[in-house]
């Protein structure tokens, strides 16, 4: 019998059985993969909740209030009192999509969410890989703006950051996006920030409640007490714009020399952090305002644990309770935050200016410092007051800082060459 | 069944050619070429396309024909019992070898013009003399943006002083001028790819690599990163704007003013920041 | 090595291999030194990784068709916070691990480890490999690599994400996933080296009497030359991998210039060159691509000759072509680096050598066509896959000419034109050849036949879907569509290409779904397939003289070889095939008498 005939006989008998198995296997495989993901939700600020020791039922209440006030990542909502444009928010929010006319939606999730997180907490999936970490909007603090230190950024400030990025960080320059998209994203950042700060204030309010007391029963109460004042800080931001007085006329070299004196002098004392070689190595132990709470929390957990070991007065139930609480805190710290990093002062010789390189930008950094960072301001603390340095002195420092990347040798300083010097090599 | 299978294999040259014929109709083809040397590259592409296309069709059709003609159809037909043909081996060794060598040598000029003979040496052809061409700008690729540095307006064409104009992602160039730029990287490998100019050059940290070309048309085109540089590789979008020399100078002057601003444009009525 | 004694193993015919000695389950099926068991271990492992690699590819395809949408399975599992939307670095993990798994855990081990191991002793008439213990180790050394790659998905930062080419400095910035990747690669390299030493020695030293080098089947020639390629090229990769490991962990600076920094990390000591990695890496990885196709070419030659019922056309030119491909394969590596910043004069030299390497491939293609010409073609599943290898290899080979042309490569480098090219040679070529080989040698491996109609359905659907997926990539490449972009539609130039990508994704999904038919057929047939005789295909090779499956020691009697492997349609005999071990008809003078079997 030829092998062909043999095969044919075998085929008929076995083919049926084998092919009957097929749908079973296929169905099993398909079942494993089917099912859409749940819509994303805003996450509660578990660090703050844990530190304020908010019980679970009130956490639920908090979540409900926030949802009523601000909606969800797919369906945003804002009260008119916030001053935010809901139409823009709707374009920015939700899943990535485009309609039949090619208009794009879900802009935040397309451009920003994987770093800044769905909730704007700076902990998207990519955040772990970045140095520095992406901004956590929830404290309502922003570093690079045109306003007084404690004030909010203006809309144009946020627009600038999105458009030009932040040099020296992973924040890209989105200037090639259409204007309308940048406007929608700016609005959404404000929205997330407002929501985050509202949450923090609500957490404090809940923490202040005495036993059995509830938060203001009416929505109007909460809105008046918390949302409206916060919204006002945003709408009033442009009133706090730092508008420098003109730079005095004079020799550039003289201004630079004066700036150098101020840098090393006791008044401004830039050298303390930025270092004798302007390399940013003066002091590197400090933390920014987003990291300090985490470091404090870690320290307090550690010291409480130590105290627990030495404390002989507690009985086993109390001990267990405290251990459980500390374990929970520890877990939340681990899962709800990124590994803390020090705030490193800027290396001024690199010519990289995160907040912009124009003289007016540098003026503002020096005048108001950087909100949220250890960089102090040397200008007047409030308009009309007297600052540590005068307007002219600040301009001297600006000129000095701008000259640093091009200064190849500084006598009696460290010898590290500025990175700006190009490293040329022959081709391999 | 053999005929059926032969026809399946015939689909290969038929649909293969069809794909390449139909694609240009749907704008799925080479992007618009706006460069001077681009047409050389495109011409070489088409030359190879026709050549390989002909070989493709010939071999695949021959294969189909043999499958169709020599299908056993379940019978034990006699075969042409032979172990090869010395003549055929020689023919189909020499012919392809000559063709391939020809293609290689034919291209050498184009490659030399694109990557070896730089205009930097100037009209006298000697590097290091007074008529050397200075780079029009320096492009530093960085995770995940294109940092462009033009010489400032004070010192004539000198790069590397405090006067330089820094721009991000927004590459402007004058039309109909020889462009020479220096390509660097701030961190990892990137690649400077201008599809419409047929230019691609990897940016290597530690190296400064000259790139040269000439644009012949104005307009707005893409600048793409073409070497994996991290999670944001897709985000390294730049825009090339080719414009007249006057428009280019105007744009550059505006950028310089923005960069030297001692007052806030938003407060003096202008809408554009740095 | 002496051969088997007659008698005690005559009943091996009907059983699975390796029970001749009263060994434990462990020593018989797990830590076996029998080349057939080891070959099947490789086969099962690589087929499982094939599934993993294919699923990773579907992740890539999904993102390209529906960017930032809710990704099936992965979205729910890993990106619940983002509504199932993957993150950009996850995309980089997808394409890095897809390629790494396919290259190092599928193609290379299935060709050398599975088929090389199973077939070499059988086809040359030996009872096992020269170094059975080393052979066993070569399989088990794959397991640390399997574990390292799997672990890398679960460490902080995720698996390696610098591309399978892992160019520094990018690969130096990654977290532990990359270190695990390098460790995995080192183990694969050592495993391959062990295999290559074994194969070279076995083929040179253990051929049956009468088996001269020019009577070897093409499969063996291909395996032999591939083993030589492995031996010369692998040490370079291993060294380079080790250097990168040191750069990552010990602060050396082989691949980074002085003062280098990224991501605001501290500056490195440096003193090295990123391009050095590229040279070292491609010095191995270019021969690697030939390692990934030559064995398939050899197997395809055997299958085509068998089912054309006609001798292979141009046996010696075919052998010389394989040697030519291998030799030239060592001097073309720079074609991966034309725009890398290396000295552009090298663009000239590598262009010439790369153009020339198309020549032996062309010669082989013509010889395959010459083989089917004038034959009596049997369109079995194995034959269909083998023929598709030829047809698809023509496409893959011709597309290579565009890349060899350096000025054209300026445009198509790092675009989907390249992706199309290598998927054609590796999947539409090698993988199709591998499928053909599985269908062809399955009866010998397991003593049963696979189901032919199911096989043909598998072939037809795979063939159609793969062309839909990969041929269209050429078109994308012509537009300049870049590789490795998580969201190419950011760019106006590529915005209109999404519909084509959607089509390609559904073809890819169809292609992966089709493999369910193959998996079902394969697994079912191992247990319930109709029993196969020694030589169901009426082929000539020595392996068909052994029982199906062969017992420990392979042959009942010491095979003696009288002729080459391609005497199909010979006028000397009545049948249309003429096995290598069949003595010539009685009236022929001077034929050597069968050698009596020696004691084991």
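Residue numbering begins at 1 within each chain, and the chains themselves are lettered A, B and C in the order written.
We take it that a contact is a pair of C-beta atoms (placed from the backbone, for glycine too) under 8 Å apart; a residue touches a chain by one contact, two chains touch by 3 or more.
This structure is a prediction, so every number in the text was calculated from the model and none was measured.
Visitor: Using the touch rule from the top, work out which pair, B-C or A-C, shares more C-beta pairs.
Guide: B-C
Visitor: What is the chain whose Cα centre is as far as it gets from that of chain C?
Guide: That would be chain A.
Visitor: I'd like the Å distance between the centres of chain A and chain B, where a centre is the mean of that chain's Cα atoms.
Guide: That gives a centre separation of 38 Å.
Visitor: Measure off the straight-line distance from the CA centroid of chain B to the CA centroid of chain C, and report it in whole Å.
Guide: 31
Visitor: Roughly how many whole angstrom separate the Cα centroids of chain A and chain C?
Guide: The separation of the two C-alpha centroids amounts to 47 Å.
Visitor: Listing for chain A: what residues touch at least two other chains?
Guide: 4, 126, 129, 170, 423, 425, 427 - these are the residues of chain A that touch more than one other chain.
Visitor: Spell out, as numbers or ranges, the residues of chain B touching 2 or more other chains.
Guide: Residues 143, 206-207, 209, 231-232, 235, 237 of chain B touch two or more partner chains.
Visitor: Find every residue in chain C that makes contact with two or more other chains and list them.
Guide: In chain C, the residues touching two or more other chains are 87-89, 257-258, 261, 263, 273, 275, 341, 344, 378, 487.
Visitor: What residues on chain B touch chain A, complex-wise?
Guide: On the chain B side, the touching residues are 74, 143-145, 147, 160-162, 166, 168-170, 184, 206-209, 231-232, 235, 237-239, 258-264, 266-267, 273-274.
Visitor: Can you tell me which positions in chain B touch chain C when the two form their complex?
Guide: For this pair, the touching residues of chain B are 1-2, 5, 8-9, 12, 15-16, 19-20, 23, 27-31, 40-41, 44-45, 48-49, 51-52, 55-56, 59-60, 62-63, 66-67, 70-72, 75-85, 88-89, 92-93, 96-97, 100-101, 103-105, 107-108, 110-112, 114-116, 143, 186-189, 191, 193, 195-196, 198-207, 209, 221-222, 224-235, 237.
Visitor: Enumerate the contact residues on chain A facing chain B in the complex.
Guide: Touch list, chain A to chain B: 4, 126, 129, 146, 154, 156, 159-160, 163-165, 167, 170, 172-173, 175-176, 241, 243-244, 246-247, 356-361, 363, 402-403, 405-406, 420, 422-425, 427.
Visitor: Any idea which chain C residues touch chain A in the complex?
Guide: Interface residues on the chain C side: 67-70, 72-73, 75-76, 79-85, 87-90, 156-157, 175, 257-259, 261, 263-265, 273, 275-276, 279, 341-344, 378, 449, 451-454, 487, 513, 516-517, 519-521, 524-525, 528-530, 536-538.
Visitor: Under the definition above, what is the set of chain A residues touching chain C in their complex?
Guide: Listed in rising order, the residues are 3-4, 6-7, 9-11, 13-15, 17-19, 21-22, 25-26, 29, 32-40, 43, 73-74, 95-96, 106, 109-110, 113-114, 117-118, 124-126, 128-132, 168-170, 344, 419, 423, 425, 427-428.
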